[in-house]
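Have a look at this one.
Here the chain labels run A, B, C and D in written order, and each chain numbers its own residues starting at 1.
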């Protein structure tokens, strides 16, 4: 496979806008819809996903919360043990350990799910709502993460496409962008097919690279990261993908769109209303898939009910 | 039913200690066990729990995160929208909403799960580990919430015992303690039986009372709250309950143990190593059970992977 | 003295706007001025203020930082000891106590100083700058508290007008508004005269009332608070007051302006560019003034250098 | 000047302990003293310090609060604008800018003052108090920063010893330790003499190096930093230094004591009860001293009244 096939060609802003228009789900589920592509997961699909549970094996996809600053974690979480068992609280031998956790919802290094209010494009959020009505610095009124969290989060059938496995490498290198053609080639190689209402688990090996080489600056002024080519977006729209779970965040950096740094997120979140997560890790999952002999499984991901939240830390799991 | 039956008799510290000894699971799953009663949920039970998914209906059990101080929330969560869509970041029409969340793991008003390092009694945590080796204010070394979170959280069959429904009241009043006898009477009235590896969902109507009457000081110097009598603890041990999910926190205040404010938590967490949660809400769940015509369902609860954490906010769901 | 004299008459929005125009200092110290009325304190005045130091006695005007939620402190500061001396860090007998402090700059209960970017009126901040250029939720570009902090904060001659002492009461009651006439009567009664470049220390006894009666809701929907009538603003402009240090925040609640909740702050900060502080306490200061036999003294107040900050906690002192 | 003169010889732990004993001020100002060497500043000295104010020029010694992670700032402050003027709060044209600041008291990169409860040695704090009675992770009972803050902070005569100026270099290099001999040589070269009750301002050029070369890891596993040799401690005790204000933190890294990483702080804080600050910047101050033609001036430093705090951010100023 050649580099050009792997990373695809550069796309103009005009082409980006044409893709944006062509994949829009605005109005598809009513003017006040809060769920976006999660609407594609029918109750019958939830039952079918539960039917995938056979061995009962569970695998977490969260990176442990990282309180250490680094090139990809400039604003680390803060975590204090505010009371340890060294503290006698004078209560009949009882002592209580207490702690405090503070973190920004978004950050390359913290596994989280994005709310549909997280991104706007040209003044509009998903469903064409004026962005400044949806979320200002005063707070949010709709499309917050609580909309998804209060309705039971993400539950459905998931399929892993393991790109490093497909290519026979340990990980995709920063800057590489996976095209629609490669995803379509990877599916039969793994014996799977992504269909309407499915959760797409997309592995580039980002976390494995970090484990082996250490953190790096993967932003636009740094070393970059592997992700998706924008030609995968129409493919996701055609297939009816309900949710996108990547390691990294699915964005190739440098981007494949001329002049736009992060084109994938707005196409997913703003245009399609797709549930999108960032910075998961699939090292345990990839191993489990090999051992279980299958790349499909039930996924449950449960954001916190944070009113107006632009996202939430979460710990989604695969159940085999 | 008389008040004495509902609330049971007062128990001495000596009796408390005898119960503590009689229900201990220390060493039962090895000296380095991190999971406690979650060990009782076998892979076959996970599969069986998934088999309960029929309608695909999902119900959240989390109270929305509460940033408003009040008598039961003296240390409210902090949540800031740090960037709204009113902010032009000069990126080709793209804007990003960002926020920050900070909260203590424990608090009567925030739905959370307790780690096994949360409580010690007489210098020891679950499994008889010296508490000051397990968790100091410097941090935790074992039994933290990450131990459970990294292994896929809580997944299993759950049974709701709806005490207000059983009694024909809107909620249990502060100070009332539910006895073993009442739990055993409630089971057949709902057509259920709690067995080994089950998740016990225990409703007192605490949250419904709060919705109707407003927040109140439910601590030892305040108006108190409804909970369990300690005689339910041996019953849980006999039945092999794997996890305990209450509204409120399961503690009757004033306590039924002379001289001890919170006796239920140490018996569950320290003696039995039981996964215990605090401050859930079951208003939506109770309605769903009525409508679905059953009081058993699959539960998934996913703590965050917070290294050494004494607990975690979470949003557990029931799936019907 | 009658209530009408004490509290003055109600003022319309039109009169408010006329006062606003009449006291404006916009452009007075150049279009890029960052200091407002602090420009009135000349180096010679700083030297003269230092000349007031005779006994060397110092008095703090800060209320201890309050981490307890209450009716006037709905978002308390957070303060964690993150490492105590109970923690052996394995360093040759050395141990270090560490803590973390988090707080909002503004709040009725926390002694703080306001930056000139804190308030805008009709889209403009002090000096007529467009408010959305000065400070958005993305951050601040000018008029932040660092502008004052980096130039050495507040140093000058201060005069205390002790209104409860003047009236012979323990404190002014919520809702009372002190007029220009009363200030002018209070001066000779204390043997002082406020002049250009002076720091005006204004005592209503707010903190003393809190110490004796406990906290109360002093907001527009609560019990209110004592403050200034707007007719004191032209008086401050005429006199050339450089800074305003009140207990409470100088605002009478309910306000004396029809339809506007907090009229004093915008007149001071936006129109005049006056350094204004909130929620100081003068119980120790009032006692010291009596004992020292004078109501004038040197004041030093030192905000933190927080880039773009809308204010800062601070601990200003009087030196006699 | 030879390197050995500049940096002095290595000292053993036994010698360290002997110095510790010889400079102890325990009991000197009573068993319950909270002020340590601040007791040396008499009211007359405060008046004399005020007498140094001639030009009225003021210079801040704080580094702007740094929210950017880096090798010397692994736990940056958090600062959020929580409401900008872009937010219409519907209040008659009035808008309010709001923000939140959170920070650890201690950190190489944040200008702060240490409380006397900050350090313990062999189980004891200043004045021989058992450290676990003074401060645990539950909170502090005495010797907190509020003890100093409530008494009016630090006010007195200060003298700058500008070591880079003395040596004719831009800054002292990491690892260099300034000896007593060099301090004594620097004094006459600058025409000053430090005496009882004086504030010792000690410049190594740490901040200038950071401005020019960027941040570096100045910890024990990093590139180190310039500071003091322990032989300066008896000199400070003999002279009666009341407070120590360094850039960096006065610690040479690597340390001059075999096997102990930070020997200067415990000698100052635990043994002598000296008010000690960390991480100030004197670039503006050094320039002002040159221009004013003198190296002595009034200093005012005002910690926050944080009950039990182990330190406080502050913005001390020099007044000429």
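Here is the rule we use: a contact is a pair of C-beta atoms (placed from the backbone, for glycine too) under 8 Å apart; a residue touches a chain by one contact, two chains touch by 3 or more.
Every value quoted in this text rests on a predicted model; they were computed, and no experiment measured them.
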Check: chain C and chain A are one sequence twice: same or different residues at the contact, by the over-half rule?
Finding: same
Next item on the list: Could you check which of A-B, B-C or B-D has the same interface as C-D, with more than half of the contact pairs identical by residue number?
Entry: A-B
Next item on the list: State, to the nearest whole Å, the distance from the C-alpha centre of chain A to the C-alpha centre of chain D.
Entry: 46
Next item on the list: Find the geometric centre of each of chain A and chain B from their Cα atoms only, then give the gap between the two centres in Å, rounded to an integer.
Entry: 29
Note to self: Which positions in chain D are in touch with at least two other chains?
What the structure shows: 78, 81-84, 86-87, 100, 102, 136-138
Notebook entry, point to check: Contact residues on chain A for chain D in the complex?
Noted result: 68-70, 73-76, 78, 81-84, 86-87, 89, 102, 136-138
Margin query: Per the contact definition, I'd like the list of chain A residues that touch chain C in the complex.
Written below: 78, 80-82, 84, 86-87, 100, 136-137
Notebook entry, point to check: chain D touches which residues of chain C in the complex?
Noted result: 13, 42-47, 50-51, 53-60, 62-65, 78-79, 81-87, 91-106, 111, 115, 117-123, 125, 131-132, 134-140, 146, 149-153, 155, 259-262, 266, 298, 300-311, 313-317, 319
